[in-house]
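Each of the two complexes below includes chain A, the first together with chain B, the second together with chain C.
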Partner chain A sequence: MEPKVILKENLSSWLEALVSNYEVIAPVTEDGVLVFRPVLKLSEMTIEGTSGPAKSLREHFTPQTETLFHYKLYDQSADVAPPELEIRDRVIFGARACDAAALLYVDAVYSNVEPIDVQYFERRKHTHIIGLFCDKPAWSCFCTEVGDFLEKPAGMDVYLTDLGDRYYVEPLTQKGEELVALAKTQPANENDLSLVNETRRKALERLPKRANHEESCIAYDWDHPVFVELAKKCLSCGVCAFTCPTCHCFDIEECPRGSKGSRYRCWDTCQFEKFTLTGAGHNPRETRKERTRQRIFHKFKYSKERYGMLGCVGCGRCIANCPVNIDIRDVIKELERRR
Partner chain B sequence: MKEELELREKARDLLEKGDVICVIGYGAGSTPFKTTPVFIEKAEDVDKLVWNPACVNNLAVYLRDACSKGRTAVVVKPCDAKSVVELIREKQIKREDVVVIAVRCPGMLNEDALKGFDTTDIKSVEWRDNKIVVKTSDGETEIPAQDALLNKCLTCDLTKSPIVDIQIGEPFERQPVKSEYADLEEIEKLTPEERRAYWARQFARCIRCYACRAVCPGCYCKECFVEKPCQLWVMKATDTESNWFFHVTRAMHTAGRCIACGECERACPMGLPLMKLNAKLRKEVAEMFREEPGRDPEALPTLGKFDMKNDPDPCGE
Partner chain C sequence: MTTSSVETRTIRLENPYIPKLAVVEQVITETWDTKTFRAVFRDADLRESFTYEPGQFQEVSVFGVGEAPFCLTSSPTRKGFIEFSVKKIGSVTSALHEIEEGTVIGIRAPLGNWFPYEKFKGKDLWFIGGGIGMAPLRSLLNFCLDNRKDYGKIYIVYGARTSADLCFKYEFDQWQSSPDTELFLTIDSEEEGWDKNVGFVPQYVMDLKPSPRNAIAITCGPPIMIKFTLKNLEELGFEDDQVWTTLEMKMKCGIGKCGRCNIGHKYVCVDGPVFSYAQLKELPPEY
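This part shows the complex of A and B:
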């Protein structure tokens, strides 16, 4: 698949073409916060000069609150109706490499369970991703430490790199070719290629080197004192988990309204005290020590053991958002130092 | 820095003498514009304590747990000290269980001021008077207070800490450059419909991570109303109504107690303007009860007393 370039002046018409064929979801600044939202035109979007949206793509595949079924109760019986699931073909425009790579991990999580999660996979099937190279990584970014997908994008159909007055456009899949065909592009030349390499080199210089956490995480020490220290400062909020692109845990709740109602699932996290509280009152993860350990072990050790890959894509949201500056990079460094 | 060294010496003193079992303070964060809470239990660890414009957290949030284990020292800014006052007058901690170390505070860094910077290249963030100096590999940039400090610092009139056992450095002479209620004006000007639409948009963004609640020293209920099992009037679902219910109820629960440390708004990953709710309630409390929480540890809690004689708005006889 041949790389192309699209002049920025032609971006608007590409977006129009995309919007007429797909629902387009892109980063939008709302009250100063960058969020992924459906858009209709280029002017609504904020794609330049940021290091990515506040939240990951998670809500677009598993909404934070999602109805599983509606019911109506009678004396001896009940009617159960599945939720309306109308999913249009969609394009996510301007997703970052970390967020796209995270989808492959979440795929692995949902792939290993029966029954098949229809809602998740329907959304996945109908979603195409136009990714954007991160030329302004933030202090909290460490994708290059846990993977090579910034340079070799995974989980996306098209990869864009900002070259100033134009974007370097790499179609990565057949679908990507189709999406790019909707734009007015020209073939990339030598000059574009050297500019791309320069842009990538500059960004990579600001990011950490690849580490072999895949190997070292298997030996993480369950009784490591780092968790005693974390427990002192962690406040047990869910900001790390709810902005994380790979966290996927949910709770199932009911919304009864008289004789009818619905059952829904909504995001939950191991950081909340009640996540593991049992009906009998016992809580296997009673203190913050057990809870902080769970998150780190799940991201690294358990994910490697279960799915053969890390459950962390280094997006750094947990680091940037933690109100007490718990830094997952420092935690794993500590775990690997004292093996 | 002078204050930092003095702070470490006092902390060492407290721990060596056995006056306290722990000093809660700020330690170096994972980048120069962040700090992280540290819990110093041994005198040899006092060098972990730092004092710089990134000491934003209100460490009073840790006091209930810490003081239940033994006498604890806590490093505060004058604003945080108001939380200590509230915890004492709400009988959550005993005065004798806490040693308040108040440090000279020229104002704390608003991270938004770093938006134009390459945040991977920030070498240090320091005070110069009440301005902030950011050093990068390209040199240094001086940011004036108005653009560099947290909103609460621009409205702060607290030169002296309202409760203090050990003062580090000369208290910084504070003069508010704007009113705490200034940001309310634009909201109060809106029609009820516009205001409803404004708040609906804000609450719709909430992801119910409860970071706002977790960082709040006043939010210490053993079980938050929003998490009671089997209730039907506020759902775990993140619909706008339930989010709205959570935030407004939380704001009401802290009315008369909120000391405007701004931690809830700072902790929010979704940019909810929670301090506007709090400022509104603080204004109401100031007008109706003629007092501001957090100023006087001897006084009864604002909403915990019943003063018929001096009621500015008597009803009935």
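This part shows the complex of A and C:
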């Protein structure tokens, strides 16, 4: 598929064309925080000069709370019905490489065993992704340490790179070609290509080298003292999990309203004490030592063993948001240093 | 908030979290804190076609309260209904203890793996249960008794805190009178009128000295009982792949998605709940 360029002056009309065919979800500054929200116009978006949204795409595929079914009770009988699911053809505009790659991981989690998570995949099936190269990685970014998707995007239909007065446009799938066909573009020339390479080189210089955590995780020490230290700092606030694009754990709860009600699920995290507390009072991950170890081991070891891929895309949100400055990069370094 | 003009389709998708409706046909009071429920699916076709394997579990819904996992304690050889035993402990179990016969509940089943009974064929079987831990063993036990010729001798070691805490008493006679089957009962401390063994299950197993030769041990009970039973069986010469257990973990989805019942990279809800001691030793000690 041939790369193209789109002049920034033509971006607005591309957005208009996209908006008339799709619900477009893009980075928007909401109360001072960059989040993915539906937009109608280019002017609503914050697309340049940032290192990516503070929240991941998770809420657009598995909402923070989501009804699983409704029920109605009668005398000696009951009705149970699936919820109404609103489905629109959607385009995520300006997704970063980490967030797109994270979706592939969540796909694996929710389809690893039958039955698959149908609500997630219904939304997934109707969502197309126009990604944006990260030319201003944040201090907390380390995507290049855990994968090569910044250079070789995964889970996207189109990849854009900002070249100043225009975007370099790479359609990556058939759907991507369709989306790009809605824009007024021109073929990319050699000058564009060298500018792209230069832009990418500059960004990559600011990011760490690829590490082989997939290999190193085999030797992670279960009783490593780093978890004793983490347990002392961690507040179990869960911000790491709630901003993480690969975290996917949920709780299932009841919402009764007299003789009717619903069952819903909501985001949950292994960092909370009650996550694994049984009714009988037994808790296999009773202290923060076990719980912080679970998070790290799940991302870097169990995910590799179960799904054949790391459960971390290096977006750095857990680092940027942690109130007590826990840095997952340091934890991994510590685990691998004492091998 | 901006709204798109793009067409919205409203659909209703069947999803795997929706339970099937069932009616509680019979409530059996086992002990002061445990009841066994016999339920039948409302849908006649499902009632007919539903099948499961000994060791599998289910998620039971009490509408208005919530859902909790329970092992199927009935044997798939006895068709048309399912049974599960419930110790009153939390909100769902307490709600279950309040319900009457005829109440509609929700069931998602069968879930999880099961005892590899094909591999057990021709072998002597030692069922070692403690308290409510007898519930998952009962499914396999009755399955084996219904296929009696496929297995060697069957020994049942069953213990509880007191004689009043023993479940399934109404089946003891049936178990004992089956060919080549012996039932060994034990309680934690002396009681007036109790003429069976007194002592903890792991110690009783040591006293009974089961021979590991061509034998399989299947155990379930409180974590501490399992721990010492496994240790004692090892001492008696049982190899790790001759010993099987079924684990209890906090569960929600039951289908490997909600993320809470993992031991290392295995999920108890889909890769378990049944594990051999050999398989358990491969996993981190976090259960």
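What we mean here is this: the second predicted complex is superposed on the first by the 339 of 339 C-alpha atoms of A that agree within 3 Å, B and C clash if a C-alpha of one lies under 4 Å from a C-alpha of the other, contacts with A are read in each partner's own complex, and residues count from 1 in each chain.
Just so it is clear, a contact is a pair of C-beta atoms (placed from the backbone, for glycine too) under 8 Å apart; a residue touches a chain by one contact, two chains touch by 3 or more.
All values reported here derive from a predicted model rather than from experimental measurement.
> Would chain B and chain C fit next to each other on chain A once aligned, or clash?
Because the two structures are overlaid on the shared chain, the partners are seen to fit without clashing.
> Answer with first, second, both or neither: which of chain B and chain C does A:D251 touch in the superposed model?
both
> If you stack the two complexes on chain A, which partner ends up touching A:A231: first (chain B), second (chain C), both, or neither?
Neither partner.
> Quick one: classify A:P82 as touching chain B (first), chain C (second), both or neither.
After superposing on A, A:P82 lies in contact with chain C but is clear of chain B.
> Of chain B and chain C, which one touches more of chain A's residues?
C
> For A:L204, select first, second, both or neither according to whether it touches chain B, chain C, the two together, or no partner.
neither
> From the CA centre of chain A, what is the angle out to the CA centres of chain B and chain C, nearest 10°?
It works out to roughly 90 degrees.
> Given the touch rule stated above, what does A:A17 touch, chain B (first), chain C (second), both, or neither?
In the superposition, A:A17 contacts neither chain B nor chain C.
> Can you report the least C-alpha distance between chain B and chain C in the superposed arrangement, rounded to whole Å?
7
> Chain A residues touched by both chain B and chain C?
Looking at chain A, the two contact sets intersect at 251, 253, 256.
> Can you check the complex and tell me which residues of chain C touch chain A?
1-19, 21, 23, 61, 63-68, 87, 89-90, 93, 102-104, 106, 223, 248-250, 252-253, 255-266, 270, 284, 286-287
> What residues of chain A sit close enough to touch chain C in their complex?
Counting only chain A, the residues touching chain C are 19-24, 37-40, 44, 68-69, 71, 73, 76-78, 80-89, 109-110, 112-113, 115-119, 122, 222, 248-254, 256, 261, 263, 265, 268, 270, 275-280, 282, 284-285, 290, 294, 297-298, 301-303, 305-306.
> Can you name the residues of chain A that touch chain B in the complex?
Against chain B, chain A makes touches at 30-33, 35, 51, 54-55, 64-65, 136-141, 206-207, 232-233, 235-239, 241-243, 251, 253, 255-256, 264, 266-267, 272, 274, 317, 319, 321, 323-327, 329-330.
> In the complex formed with chain A, which residues of chain B make contact?
Residue list for chain B touching chain A: 29-31, 34-39, 57, 61-62, 118-122, 201-202, 205, 207-211, 213-215, 227, 232, 235-239, 263, 266-267, 269-271, 273.
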